[in-house]
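These notes open a run of structures that come right after.
What follows is a pair of complexes built around chain A, which joins chain B in one and chain C in the other.
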Partner chain A sequence: MIPLTWEIASRGLTEAGRILVMLAVGVAVIEALAYLILHKWLKLKNALPFMLMLPAFIAVVALVIYPFLFNLQLAFSNMSMYRFKEFSVGLSYGIQNFLDVFRAPVLQNVTFAQLLLRTVVWTAVNVFFHVLGGLFLAILLNRPLRGKAIYRTLLTIPWAIPQVIAALAWKNEFHYQYGFINVLLQKLGFAPVQWLSDPKWAFVAVIIVNIWLGIPFMMVIILGGLQSISPDYYDAAQIDGASGFQQFRAITMPLLKPVLTPAIILGVVWTFNNFNVIYLITKGGPMEGTDILVTSLYKAVFEFYRYGFGAAYSTVILIILLIFTWIYLKVTKGMGEVADA
Partner chain B sequence: MMKRAIAFILTGVLFFALAVPMGALAQKKVTFTLWTKEGEVTGGVLEDIVELSKEFAKSRPGLTIEVVSYGVEELRQNFQAAAFAGQGPDLLWTVSDHAGPFVAMKIIKPVDNIFGKDFLKEFVRPGLECVELDGKTWGVPISVGNHLMLLYNKNLLKTPPKNTDEMIKVGKELTRDLNKDGVPDQYGLVYNLNEPFFFAPWLGGFGGWPLDGTKPTLNTPAMVNALQFVHDLKFVHKIVPVECDYDAADALFKEGKAAMLINGDWSLTSYQTPEVRKKVDLGVARIPMVSQTGLWPTPMTSGIYFMLPDYLTGEKLQIAKEFVEFISSDKVQLRFLEKHMRLPATASALKNPKIASDPLLKGSADQMVVGKPMPTVPEMRAAWDAIRPNQEAVMAGKMSPKNAAKAMQDACEKLIREMTK
Partner chain C sequence: MKKESSRIHSFFRSGKGDSPAKKLLIHLILIMASVIAVYPFLRVVAISLRPGSQLLSTDLSLIPSNATLENYRTLIFEKDFTIWLWNSLVVSLTTVIVGIVLSASAAYAFSRWDFPGRKQGLVFLLTTQMLPPSMLLLPIYVMVVRLQLFNTYTGMILAHSVGAVPFSIWLLKGYYDTIPRELEEAALVDGASRLEAFYKIIIPLSTPALGVCGLFSFMTSWSEFMMARVMLQKADLFTWPLGFQKLLDQFTTQWGVFSAASVLVAVPAMLLFMYSSKWLISGLTLGGVKE
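The block that comes next holds the complex of A and B.
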């Protein structure tokens, strides 16, 4: 390993300093122009608020809106390995790209419909267990408990470990002969499972890892929500003779909703697009058995250089997620309560 | 008052910003960026590159060489993105298989005219062949090889098997259940069972090869026989573990729990550490001849190459040229041989007596001679991806070799159609 010397550190700092200076200059120039145009020339009353918002607005355009539009442009292009720099854009290419998403296997055998179904199963199972596990642990931690801080720290560890390291560590634990899980299964009298060579079990394996990784986030969010519920409600309910389950159903759940709704939306979007766990453990294999939409998208673009097709494919995935979020918000009215609160 | 304050701050920032680049201009500094695929896993090579680049930069005042390390795949993707924008590294230190897509994308330069015939003549033919496309040379070899070979532990196996029949025979003897729990804990042979690159030598040994030019040749009797052979190693002869990826094979061999291992030249030094030597007395040989055909298995040979970005011009191009010449010198080539056991790319360095006198290097060089250059054409990517899931299916006992060969061919043709659409 190359040690971190003063030379390397100072070079890094100089580089960071230079970027900061460039940003400052950029902002100064933009603000100067805006000042001249908005205040001096147009004599706008609200020149200052516009000037204050301008840098952030430009950053959003450069980092979000422009890439998104560029992606749309690529979706309507024939960009590929052989047409990398000199690609053409046209409606017919776009139609072809979008049709290709649905009419042929995306990779070798799996079709879009199969991948979508698998992604939905992957997302639903994961988020269900994230919420269930997170809720269970949060309720436990919300009670008076000795050494609570230690439990809380230990339980957030999966979240604190970089996903890459966690996933690679888990991969070894799924080894047929030497992995911890099969050793445990055998000790309990079960037959060992071919976790990484059988597609069905491989899918189970990646789900197990992702559940393990995702629970702490939900736990922390839900714990925050629980702590904001006033104990008065529970006292009142106890006086009225409500059982523990009744209290949970009538007080805890409704009051957690404003916290849970955005957390679940985030959880769904993240899990739906979770690339790391699957790619690091199985690379979508064996036999494309653990590929979900995003891993197949990655392969189509970065392994087969199908840029036009990939851009169209990613747009389809975006639309699916937008529809989900819209329906979910309609059904739960979750965000409304956040706004009202 | 506020206006004045704003004007004052703006002027200050502008002055400061202008002063910085002017200061830089006065010193006339050049930063030259080298992207390399060497990193943590190739023990010590990255450090050596950094050291060499410092040594080189001493001859040119004001020059700083920045060495950036990426994984092989990361390097490919990042360079594609950078080249698309028309800027990025000034030189690439990478593997030969990147040449195919980079040429198709028109993002690297041919090197023939930059270095001239006399310079390129110094390199061994198999080294140059790997990066020749459309009648031009697209890279300068740094090291040739990257080939698989048979590594064996002399503590368990005195002499390496001559052919596959012998390999299976000793493999069975050496696959042992030492603690009598019904599962072997020592294996005759270990290697990355599901990885197409590790299957390629066997395919060649049965007389097949994935591509003929740019046409896939996967549905062939040779493929069926080779798949049957690797299938039988697991299910009939049972001399390999039920599941075995690269890390498992590596760990089993290092712990002295495997008699034979198929691995590449890049791994040689990792089996020579004092820790590993306690359990492994390393021997290197050719992968045994296939008894059925009388042919030697043909591991894919490739190598590590310098490639020059398409946008490189002027002073940077000149620096790149001189740096490449510096690394290609016998002195540096022999340094890589001695420190990292990498076979040099120049004919003169390959003649060094150290190679003939070192049994490990001799074994490695001996294996390389029967290797076959890995196809550089972009179609090879489709072949890899067509082979992989079907090879996995055969190794999971879920598909017959015959059906797998057909599925590979169909998949490869489809992938090539889509790639070239």
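The block that comes next holds the complex of A and C.
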């Protein structure tokens, strides 16, 4: 055990203090330079907003844009564990890295195509159940009901628990002998399931956990959307004799769309990028059977030390994500036009 | 007839006409859903109270017989728990300050001026939130190693600021937009400069928003696992998510201790989340839809 001594505590405070001082000095220097250049020298009309933005702009360049471009450079390099400091960059390395993504197993067993398919299944199944479950609960909660606030609070708990804790706690509950799921199954007269040692069941297990985690977000967002729909629409529909389902299709769904579209995009991106749940519960195993793209990316880089390859691989993953989002936006917008016509 | 149809048709709206049987059914469904939502955490609480001799059992009761706080004692006095919390606290509080300092004024520029590149800038900030965090992991790791910041708080804080700065700008811009411009214009008429108007009027008015924004950055950084896994390898630098994962590497012996740790971290986190969730939701939806 390491005790929390004054020495350790003061080390933390010193480092934090140093960062804050550097931040203050950095901002002051940047602003002074910007003032001289933009205001005094160039006499820009928009000098003030540019000055207000400059420190954040530089931070974003240093922390997002530069790493992003650096990653592209690494994709065209032969960087590896042995060539960490002295790697070379060249087109041929890049071609090699990008081809490697597609022509051999990404890690040891599973190919890119299989991982892509599994990620699509993982994302689609999760988001489908998040929206379905969220919609169902939100519709129930949108009715006059006693104890609504209590239900709402209890139902949000999976979202409120830190994901790391939830994932690790669930991992224990999938234990063959002592986890509550198998205990419950046996009490109900079913055979216990080899949750974490059978790849198929392990994949089911991580999906169950992630569905559990993601429903509250959709529920809360959809409930907000439902509450903003004016009851007049339903009154008018009833006068015209529309059935409950017709009302749902013609009023609820279209009016929910402005809320649902960004929520689904967020949901897809979050699920697609979800590293914690799978890595903490199964580490992608057994036999890489639950790896999705991002977990195999992590392992390729930090367990197999294939840096150049990993950079190329992550670029491919980003392109897939962008295509995903673009298609979704296209399709939903297309549907909107059909509905408007 | 009218009344009848309104009852049948009101399923998808907040109607008043639910029959008692239907109300009962709705309550049953919601109770079942609530149990599914809450039970896993109640199990964690139950296991944290188990004495060592009964740790491995198929007992499903929520308060074990011979409940004891033994696991909590072990956790606090024999594990690095306090170190993990301290490390997490240092990293996330500093990240919050860095995020707020950099974003408060930038968000103001985005909210009040129509400069060339404003729209592109906003879209860009939103796009950064979509970048897979695992994608920036490698370049940031290499940068941190080259700057000799591996195994330091500074490296971790840099890594966490990647997400915190764009997110904070986006959230604060949404809040500034709701403050009427007339307030500053009045101050300008009275002879204040734009900058004074910002510091003397907007910042004080935005204290709640700055607080909320800080809270979100804090919660994100506080529970972050992947970056920490890569950036920190010395046990005395572990943040709690890393420490918890290490605890569980020895499943059978540490289940109870892990559960105790989870309760101590999750309960405050959940309360904080419940307290702040309404702002988070409006930030995620409104901020995202509004131009």
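Just so it is clear, the second predicted complex is superposed on the first by the 312 of 341 C-alpha atoms of A that agree within 3 Å, B and C clash if a C-alpha of one lies under 4 Å from a C-alpha of the other, contacts with A are read in each partner's own complex, and residues count from 1 in each chain.
Throughout what follows, a contact is a pair of C-beta atoms (placed from the backbone, for glycine too) under 8 Å apart; a residue touches a chain by one contact, two chains touch by 3 or more.
The shown structure was predicted, so the numbers you read here are calculated from the model rather than taken from an experiment.
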item	value
Superposition on chain A - do chain B and chain C clash or fit	clash
Chain B versus chain C as contact partner of A:L329, first or second or both or neither	neither
Partner chain in contact with A:R306 - chain B first, chain C second, else both or neither	first
First (chain B), second (chain C), both or neither touched by A:S197	first
First (chain B), second (chain C), both or neither touched by A:Q247	second
Chain B versus chain C as contact partner of A:P216, first or second or both or neither	second
Which of chain B and chain C A:Q177 touches, first, second, both or neither	both
Touched partner set for A:R18, first chain B, second chain C, both or neither	both
Partner chain in contact with A:V125 - chain B first, chain C second, else both or neither	neither
Chain B versus chain C, judged by how many residues of chain A each one touches	C
Doubly contacted residues of chain A, that is, touched by chain B and again by chain C	1-2, 18, 84, 172, 175, 177-178, 302
Of all residues in chain A, those that touch chain C in their complex	1-4, 8-9, 12-13, 15-16, 18-20, 23, 27, 46, 48-50, 52-53, 55-57, 59-60, 63-64, 66-68, 70-71, 74, 84, 137, 139-145, 147, 151, 153-166, 168-173, 175, 177-178, 180, 183-184, 187, 212, 216, 220-221, 224, 229, 231, 234, 237-238, 241-244, 247-248, 251-252, 258-259, 262-263, 266, 269, 272-273, 275-276, 279-280, 294, 297-298, 301-302, 307, 310-311, 314-315, 317-318, 321, 325
Interface residues, chain C side, partner chain A - complex	5-6, 8-16, 18, 23, 26-27, 29-30, 33-34, 36-41, 43-44, 47, 56-58, 60, 77-80, 82-83, 86-87, 90, 93-94, 97-98, 101-103, 105-106, 108-110, 112-113, 115-116, 121, 125, 128, 130-143, 145, 152-154, 157-158, 161-162, 165-166, 169, 194-195, 198, 222-223, 225-226, 229-230, 235-236, 241, 244-245, 248, 251, 255, 258-259, 262, 265-266, 269-270, 273-274, 277, 281, 284-285, 288-289
Complex contacts: residues of chain B adjacent to chain A	6, 10, 13-14, 16-17, 20, 40, 46-47, 50, 73, 77, 80, 84, 101, 104-107, 183, 194, 241-243, 245, 247-248, 378, 381-382, 385-386, 388-390, 392-393, 395-396, 398, 411, 414-415, 418-421
Residues of chain A touching chain B in the complex	1-2, 18, 21-22, 24-25, 28-29, 31-32, 35, 78, 80-82, 84-85, 105, 107-109, 172, 175-178, 194, 196-198, 285-288, 299, 302-306, 309
